[in-house]
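Just below sit the structures, each encoded as structure tokens.
Heads up, the next two complexes both have chain A, just with different partners, chain B and then chain C.
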Partner chain A sequence: MTPHQTLRLLRRMIAINIAGSVVYRANFVFFMLGTIIGPIVSALVWQAAVASGAELPVDGSYLMTYFVLLSLVTMLTSSWLANFLADAIRDGRLSVWLARPGSFLYELAANNVAEKVVKLVVLVPMIAIFGLIVRDSLAVDVVAWRWIAVLASVGMAAIIVFACDVIIGALGFWLEDVSGIAWGQRLLVGLLAGQFVPLAIMPVWTQTFLQAQPFRYTVSFPLEIVVGNLTSRDMVIGLFVQLAYAALFVGMAREIWSRGLRSYSAAGA
Partner chain B sequence: MTTISMNERAPLDPTWHAALRRHARLWRAGVVMAISREAQFRANVLATIVVGITQLVVSLIPIFLLFDYAGSVRGWTQGEVLVLIGLHQMMTALLATFVAPNMEELTEAVTEGALDLLLIRPVNTQFFVATRRVRPANLFGVLLGIVLVLIGLARSSGVPDPGAIIAGAVVFAAGFVLLTCAWLAVATCAFWMSSVTAGLLVFQDVMQAGRYPVQFFPRVVRFLLLLVVPWAIATTLPTSALTHGIAWWVPMASVGFAAIAVMLVRAFWRYAIRFYASASS
Partner chain C sequence: MHAGFAVSDMSSVAIAATDLTKTYSFHRQSAGLLGALRGAIRRRTETRLAVDRIGFTIARGEIVGLLGPNGAGKTTTLKMLTGLLHPSGGEVRVLGFRPFERDTEYLRRIALVMGQKSMLWWDVPAMESLLLHKEMYGLADRDFRESVDELATLLDVTDLLAVPVRKLSLGERMKLELMAALVHRPDVLFLDEPTIGLDVVAKARVRAFLAEVNRLRGTTILITSHDMDDIEALCSRVMIVNHGRLAYDGSLAHLVETVQPGKFMRVTYASAVDLSALDRDRVNVAVEGDVADPTGCVLSLTVPRSEVGTMFAQLPRLGELADVSVADADVDAIIRDLFTGVAAVRPEVAR
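Right after this comes the complex of A and B.
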């Protein structure tokens, strides 16, 4: 398929997936409520710590802004395909896609983008309300061109997370069940990405490792561009490192996926 | 002498104590069956234990960080918060063992019509759907919670007196009943909605807030955690009982509140069941 045909196919798949997702719009309201509850709880807890005299390496407005935007960035960069992909491999549903011109991964990517469009519509008003309530504690002072860097960073973060999920899901070519690995990966990545606690307030002795490891670039780095005091130089270097990690993970995912397909034998294959 | 043929059964004793015994026997049979089922999936049991330990370790990281930066938060020390997290761990493990599997199945039973077969059984349907499934492997989380409570007590107030332990246990038990009722109320909405799975997920997300003392939160959230999703009764109040002691009326009020919640959720179920139109017919 030519790139033009691929893009047209993806556009159609995204449209179909959006139509399918809209049917379950009420569920998305609940899903997004769940997404925002964790950051709200964390924000309130750390605000209580600051009010009790905690001396943090960052100020209260950094924390509040971080947690207000956390659910948005987490949602935009998230992926949920690992278990679906492994199931499709195991029960032979993947076979149908092998006879089609587009890869099954296109369908998963289209589903990812489509659901995010619907989730965005639901989540943004929730975040706006949360932000309005705590507006006095927010500090977003970002020049316009930095927002372009934020968008690029969120896009690359989404690619890294998607590729990671493909790698884990593709282990289904060789393993019976990947749900345990997927769960462990989500927990570990959540911690290393700054979803539970901002990396900036993790202990000093962990900082060198935390700043270098790839999962910082899945959630924390885009947020650091908005709320952190990253210099332009640090930001540009960070974007290039993120691009390198994205290329690395996509390369690994492609390799594992093609090796898996070569060894694939399942019901209906 | 009265003989009963194979096709005739003695009528069920309608007295309340006989009904109570019958339901207790039924629940015990469910537990025995669950244990034998878990014994067949030993790898799954091991995975559940590893998951429980990992989740607990990860949930402790923010707490250790928090108290690295502050000696105490809103009057709570690290030891006291560890006691609270231990109780939260115990509560989530008990809910995961006895409540969660049933709530997950209730939606399916309503939407797919499996409730038909439950309604015709000579048992209280609400009791049966709320208690029949048990996942004993999750009980390991209770042990982890107890260890954490002991560590927290050693780091804070030391061994509480028997009165404080009894008061804490009563409030904790009332908290378990209240949370079960709240969860069951959300699950009962399945009679009107095609799926309440997402709603149940939100309920589980709110559990995160129960990991912290209610004093950490603004008044509105405290109110929600006390009366709507009563995690405050399940974790904050028992911790206060064990570490500082609580007024004599608090356990009594908690039990009263739990009794009212049971009656309300019972009434809600009776109302909801009228809307059941049997998806299987």
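Right after this comes the complex of A and C.
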């Protein structure tokens, strides 16, 4: 399949998945409400802590801005395919895809992009309303060109998370159930990515590790570009490190997927 | 290119397999909590021979039924032919391709319909899935429109194309599954239980459609089904797989004649009859039969095919005839006997 044909196929897949996702728009509203409530509560709790005199390496406006944008970045970079992929392997639905000239991974990627488009339409107004309410506590002072870096970073973060999910889901070629692994991975990655607590306020002795490990680049790093005090040099180096991690995880996902397909037996499926 | 196949004209061959073999490894676990704990610590891995050196060729344009009891190896065979499974041994070519290489060009020339697994997107109209197949198979706009029009007319589903798939009945959905599978005009169509769960009307429609597609497009069709009506309606040739081996490869008619050489006669008389009045010398056959109902008016007989005419001449001697019917053996019963080992048949001449 030529790159042009692949792009046309992906475009059609995204369209069909958007059409399918719109059916569940009301569900998405409540789902996104749930997504935004967690960071809002965290923001208010940390604001209260700062107001009570807690000494933190960042100020209150950093925390508020971080948590206001957290739900948006988390949604844009998240992936939810590991269990779907493992189920499709186990129950043989993957067979229907393997007999066609279009990879199941294309479909999973298209579904990921499509749902993000629909969720974005729902989530952005919610974030905008909350942002307006707490606008005096926000500290977004980013020059225009840095937003390009933010977009690039969010894109690469989404690729890393997607590849991680493919790796976990593809374990279904060898394991009966990957849901436990997927759950543990989400918890660990959430912590290391800065989803629960900003990495900047984690203990000092953990900082060297936290700054170097790959999952920082799935949520925290794009946010640091917006709210942190990253120098241009740190930002450019960070983007290259993120690119390297993206290439590494995509390479690992491709290898594990290829090996999995070779051992795919689908007995009784 | 086709070394290993003793076939004189490969251009007319759609599928060719020699000594095709597949073995599986699986874990065995004892029942109960203790068994589960033992299994968690030490797994017993066993190997099962699912397909055992089967060989056959299928010509282009043929419709062949692949039959066998559950676990016989027919779905495994189908999966090896479609490229879903890598054979453990032997050689297989479909349209000149090695299926397990899953060459894009190969995948564009085949289609697989699995009766219990959908290829349609659930929440959107089927037309969206067809448009996606248009991109997937690289179809030109005109070819796509012509194919959709032709198939929609044959299946009578034009009005259903704009309805979300989840709103359709099972029968309607299966028609659209077939449409999605055939929109790119595949040379070979693999069908795994295509009529499972359908009502009699929907089944008849699907069978008629498949026969028409075969006639109009020359599509080679390999079908697995537990519904012998599917096989009788569509397949001039059947392959029976049992315990992973090819137990029979030939025409359905030959299979029926071999396993059950007699014809069934059901004769109804105006009044009760006595079989002893039959002139055994003139019939000159070992006619098996009995009086089938309490009134003594209905007689059921199994008569060798060559003696049916003679038997007809004898029947009026027993009494006044009210009705006579002659039928072949029930194919379901024949297949059941073959599967359970009650009957056996020598494979027809190797193809």
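FYI, the second predicted complex is superposed on the first by the 266 of 269 C-alpha atoms of A that agree within 3 Å, B and C clash if a C-alpha of one lies under 4 Å from a C-alpha of the other, contacts with A are read in each partner's own complex, and residues count from 1 in each chain.
Note that in this section contacts are C-beta pairs under 8 Å (C-beta built on N, C-alpha and C of every residue); 3 or more make two chains touch, one makes a residue touch a chain.
Not measured: the values here are computed from a predicted model.
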Chain A as common anchor, with chain B and chain C clashing or fitting: fit
Contacts of A:230 with chain B and chain C, given as first, second, both or neither: neither
Which of chain B and chain C A:8 touches, first, second, both or neither: second
Chain B versus chain C as contact partner of A:49, first or second or both or neither: first
Touched partner set for A:180, first chain B, second chain C, both or neither: first
Touched partner set for A:38, first chain B, second chain C, both or neither: first
Overlay on shared chain A, then closest C-alpha pair between chain B and chain C (Å): 6
Chain A positions touched by chain B in one structure and by chain C in the second: none
Parts of chain B lying in touch with chain A, wherever the complex brings them together: 47, 51, 54-55, 58, 61-62, 65-66, 68-70, 72-74, 193, 195, 197-199, 201-202, 204-206, 208-209, 212, 215-218, 221
For the chain C and chain A complex, residues of the former touching the latter: 24, 26, 50, 76, 79, 82-86, 102, 104, 107-108, 110-112, 114, 117-119, 121-124, 128-129, 131-138, 164, 190
Partner chain C, residues of chain A touching it in the complex: 1, 5, 8-9, 11-13, 15-17, 19-20, 23-24, 92-93, 95-96, 98-102, 262, 264-267
Complex contacts: residues of chain A adjacent to chain B: 26-31, 33-34, 37-38, 41-42, 44-46, 48-49, 51-56, 180, 183-184, 187, 190-191, 196-197, 201-203
